[in-house]
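Both of the next two complexes hold chain A, though its partner changes from chain B to chain C.
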Partner chain A sequence: MSTIAEPNKWERLVWPLVAFVVLLGVWHYLVAWSGTKVFPTPAQVERGIVELFHKKVLWPDIANSLRRVAIGFGAAVALGVPLGLSLGWYPAANQVVNPVMQILRPISPIAWIPVAIILFGVGDPAAIFLIFLGAFFPIVVSCVDGVSNVPSVYRRAGRNFGLSPRQLLARVVFPAALPQIIVGLRLALGIAWLVVVAAEMVAVDSGLGYLVIDSRNSGKRYDLVVAAMLMIGVIGLILDIGVRRLERFQSIRWGFRNEF
Partner chain B sequence: MSFKKKALIFGVGWLALISTLHGYLNVNWPAVLNDHLPVSKRKITVAYIPVTCQLTCPVTDYISKFSDNGEIFLPRLFQGFPEIKEALISNKVQAAFIVAPLAIALVSQGVPIKVVYLGHRYGSAVVVRKDGPVKAIPDLRGRTIAIPSRFSDERLLLFRAMKVWGLKPGEVKMVEMAPPDVSGALAANAIDGFSMGEPFPSQAEMAGYGRILFQAREYWPDYMSCILVVRQDLIDSRPDIVQTLVDGIARSGLWLDQGKPNREDAADFVGRFYYHQKPALLRWALTKPLDRVVYSPLAPRKDDFDMVRDLMMETGVLNKKIEFSEYTDTRFSDAASTQAPWRYEAGIASAN
Partner chain C sequence: MTTSETISALPAAGTKLKVENLNIVFTRDGKTTPVLQDINLVVSGGEFVCVVGPSGCGKSTLLNVMGGFLSPTSGSVKIDGEVVRGPDPRRVFVFQERGVFPWLTVEGNIGFGLFKLPAAERKQRVAHYIKMVGLEGFEESYPAELSGGMKQRLEVARALAVNPDMLYLDEPFGALDSITRHIMRGELLSIWEAERKTIVFVTHDIDEAVQMADRVVVLSARPAVVQEIVNIDIPHPRDISSSRYLELRDGILQQIGLACKI
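What follows is the complex of A and B.
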């Protein structure tokens, strides 16, 4: 099979499944081979997940983590998209703001934890603030780039058709920038999911990040730790698949035509 | 000079620079060299965290360096109990000072360790905000109190006091926090109080924002929290080295209880060389009053541990009854009972 050939439908499902099973097998035999009594086997982790279900902590923790991401990420979208669009629309303003943003952007949200706790105390607001910070900058940057990368011929064409600046932004520039904005959102959601786990390890007492720390604190229960880690991975995957669905909408898909 | 040559020289130079810096700044050379000694000469690594409940560990290390036989073990500083627990389980350290309930829980979960000695008696306190709403124990209802671990005597101590005042277990919210973090958390109003070992109650008291609600001894006669555990394989293979360790700890305990000058000396060298805390803070914790923390007698006693175990079961952190003999080995403390305090004085560079 060459790299350009379209794989069959069954192949797209079966091969990843095979890789997953092989990985579990390697994991199992590495644990058995090393003779460790600390690190769990896949079967022990599975029992750990069942135990977490029975203790009725898994669903509330998942719900809490998702709620924090929804609020933090939602706020980042609500503030970041308009800001990014206007900065892209007014390059002069962007030149003023950009240096500050480039300084703030590389600061890991984890480094904000002490400040977040001082500002908001221990609890939901601190965690949500950290998620917001993690998601905000990638969204703004992708919006700015998206708008400034719109070919000027589109704008000129729009103007020739007599569109007002507002109509031009809403009907030409925004749709043209949308594919890049969606990529930024996807990136930002990934970061938000990374940050929620880290934030929950220090600032709150619920959620999947807290579940990892809570399992760590309960003595030699690394099966629960790995179980919580796996749940974080699976939910991260589901979120990513969800955003990828957005890319399939007709109004966005044109930007990805080369990939399909 | 060609680009290739320049790149090579730069690469080699860079590698040499970071290797030197790494070797100078990061590598713990005594520990590395120790790993290359023959097994019979190898020193064990003992884990501790910067609380006065474990003061005998750095004191023993410091004084034994002046003795004829030299240092007994390699101390390694940790910042919290989860890290110590992981190092102990994975055999990165062979002995550790941990809280007693954690030792009982780990043994019940199948970790091969034994309690061989205590670290101290007393020296824990419940602290609340000075100008805060908690004036007495019943005011704790609905408040958030930090504890070092769910498996800690500090948590059980709080439960004992709550029981006396008729508070139910669920009425106080307890959060687990690394001991060095609690003082800052109290100052920042993130928690309403904490139950911790010294010097953190003293820290909050000295800085002026904390008030001691009660000392451990008020609700728990003969209170003990941190104890010394040793891995079973070390006990089996080299009982002599475990005995030397316990003897050293016993001698340090007796030395610390000889009076104020020794306490002040210990506050000075432990603060500067081991805990990285202000000596004035440790001096406060160790001398105001002198019996705020006590370092003798330190032999493990069945009654103390049975009470801890029963409290653990009552508060839901232990699910099976485990006997004193399953998690302790008292032969080392028995043999150490004849030890005398170190003969060591500040300024005289010899000890025996």
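What follows is the complex of A and C.
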């Protein structure tokens, strides 16, 4: 009964399942015990999910949320990665830009909502802009750190083999920084998924965030509110698993799990 | 005109590397630290020279200047009569095995410096050096899957693949266990005998230096001066229990100021 031993396959599946069932049980009995008429039981939420599927609103809402994240996150990658690599490559430029970035970075994208609405009006562009902001800074910072943390022994080896600065960036610095960049992308995608829900509550009238707020506003349907929340959680998990798959590529894996 | 012709006619023999009146002074926070003081050294083509000295004396600094990664404060380093101005694929550094690129396979690492060659020739060279360092069967492996000794061999192969005139080795076997280190010394010597590169090898291991080098350059503590240059006049393969070996080793130990008894 060593604790160091790898748990069996069935144990790794069964125990989380038990925890999940216990949680549902606690939830159910807390609702029953408090006698609330507003908050739903797990069974009511399950019926809510079925209802949402039947009303054919769930798929379009999911598609709308994913579309906004794809555009906002995609733009953040397209601009943030080259910017971050450049700033990491030219420390002098980074010294100029870094203070401004460190001030902008801790501002929650939610605080940008009024500004986004002035700039873009109420609608899709405002929501996408907020997602972009949320994802942009973590991506830039992880690229800057990734590049500046490349061990000098790799850069020296590259220079020794007669690489031009551009080749050095493409063949040594970028692949050496990639594991850290991937970590930044994963973090940024998580934030983007958080922000899209908030943005859809104020800026647009579709998407999972809108579904949450609309279910509450139109008749206090808390079964649908919780159903939408669960969908947000599940999709967030799927997105995270997707990015984690990237970490398993052989040419990236060395940067994780103490492999070197 | 005539002298340059005679030099190019004899690429392997004669002077390969010449260090003249070399001084290195580091400046940090307004404080100056002299590291190397008036170093003079001549290395012939095809020679195997070891540099030993107490820890922190500037052995690696000397190698970095020779490799073009560091400019001298005064004096010069010349290779084939030409002043060294920067790193060059004709003289390749081998670090401890941490210099291999973890994102490339064994093949990718060895072929790394061959980007100017046509694909067919590159492939042939990569295969040749994989065989030379005994990494057949690991072509597609990543460094994380290799042992320390295999990574070290990979790094040597990557350096040899670009066909340099010179190899600079900076304590290359320092991170290996003593058995692997022993094997690696033998392998490096047989590679050197086959390819006759000029080798400058920095080590803090005096036994290692006496086992391998034609000459051992003994540096003093910082600021380092060349304390002595010892000719190792034992033919290869060297008997490391012979009296001549022990005599030379003990001589160097005394030079550094270490007793032969622990």
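Everything that follows uses one rule, which is that the second predicted complex is superposed on the first by the 252 of 260 C-alpha atoms of A that agree within 3 Å, B and C clash if a C-alpha of one lies under 4 Å from a C-alpha of the other, contacts with A are read in each partner's own complex, and residues count from 1 in each chain.
We adopt the following convention: contacts are C-beta pairs under 8 Å (C-beta built on N, C-alpha and C of every residue); 3 or more make two chains touch, one makes a residue touch a chain.
Given the structure is predicted, the values throughout are model-derived calculations rather than measurements.
K.L.:
Considering only touches as defined above, state whether A:Arg156 meets chain B (first), chain C (second), both or neither.
P.N.:
Second partner only, chain C.
K.L.:
So which one touches more of the residues on chain A, chain B or chain C?
P.N.:
C
K.L.:
Looking at the overlay, what does A:Arg12 touch: chain B (first), chain C (second), both, or neither?
P.N.:
In the superposition, A:Arg12 contacts neither chain B nor chain C.
K.L.:
For A:Ile118, using the defined touch cut-off, is the partner it touches chain B, chain C, both, or neither? Pick first, second, both or neither.
P.N.:
Only chain B is touched by A:Ile118; chain C is not.
K.L.:
For A:Arg244, decide between first (touching chain B), second (touching chain C), both and neither.
P.N.:
A:Arg244 contacts neither chain B nor chain C.
K.L.:
Under the stated touch criterion, which partner chain does A:Val172 make contact with: chain B (first), chain C (second), both, or neither?
P.N.:
second
K.L.:
Taking the contacts chain A makes with chain B in one complex and with chain C in the other, which residues are shared?
P.N.:
None.
K.L.:
Write out the stretch or stretches of chain C touching chain A in their complex.
P.N.:
Where chain C meets chain A, its residues are 67, 69, 86-89, 92-93, 95, 98-99, 101-105, 112-113, 115, 142-144, 162.
K.L.:
Would you pull the chain B residues touching chain A in the complex into a rising list?
P.N.:
Residue list for chain B touching chain A: 82, 85, 89-90, 102, 105-106, 109-111, 149-151, 175-176, 185, 188-191.
K.L.:
Could you pull out which chain A residues touch chain C in their complex?
P.N.:
On the chain A side, the touching residues are 151, 153-154, 156-157, 159-162, 167, 171-172, 175-176, 178, 250-255, 259-260.
K.L.:
Tell me, which parts of chain A touch chain B in their complex?
P.N.:
Interface residues on chain A, with respect to chain B: 37-38, 117-118, 121-122, 205, 216-221.
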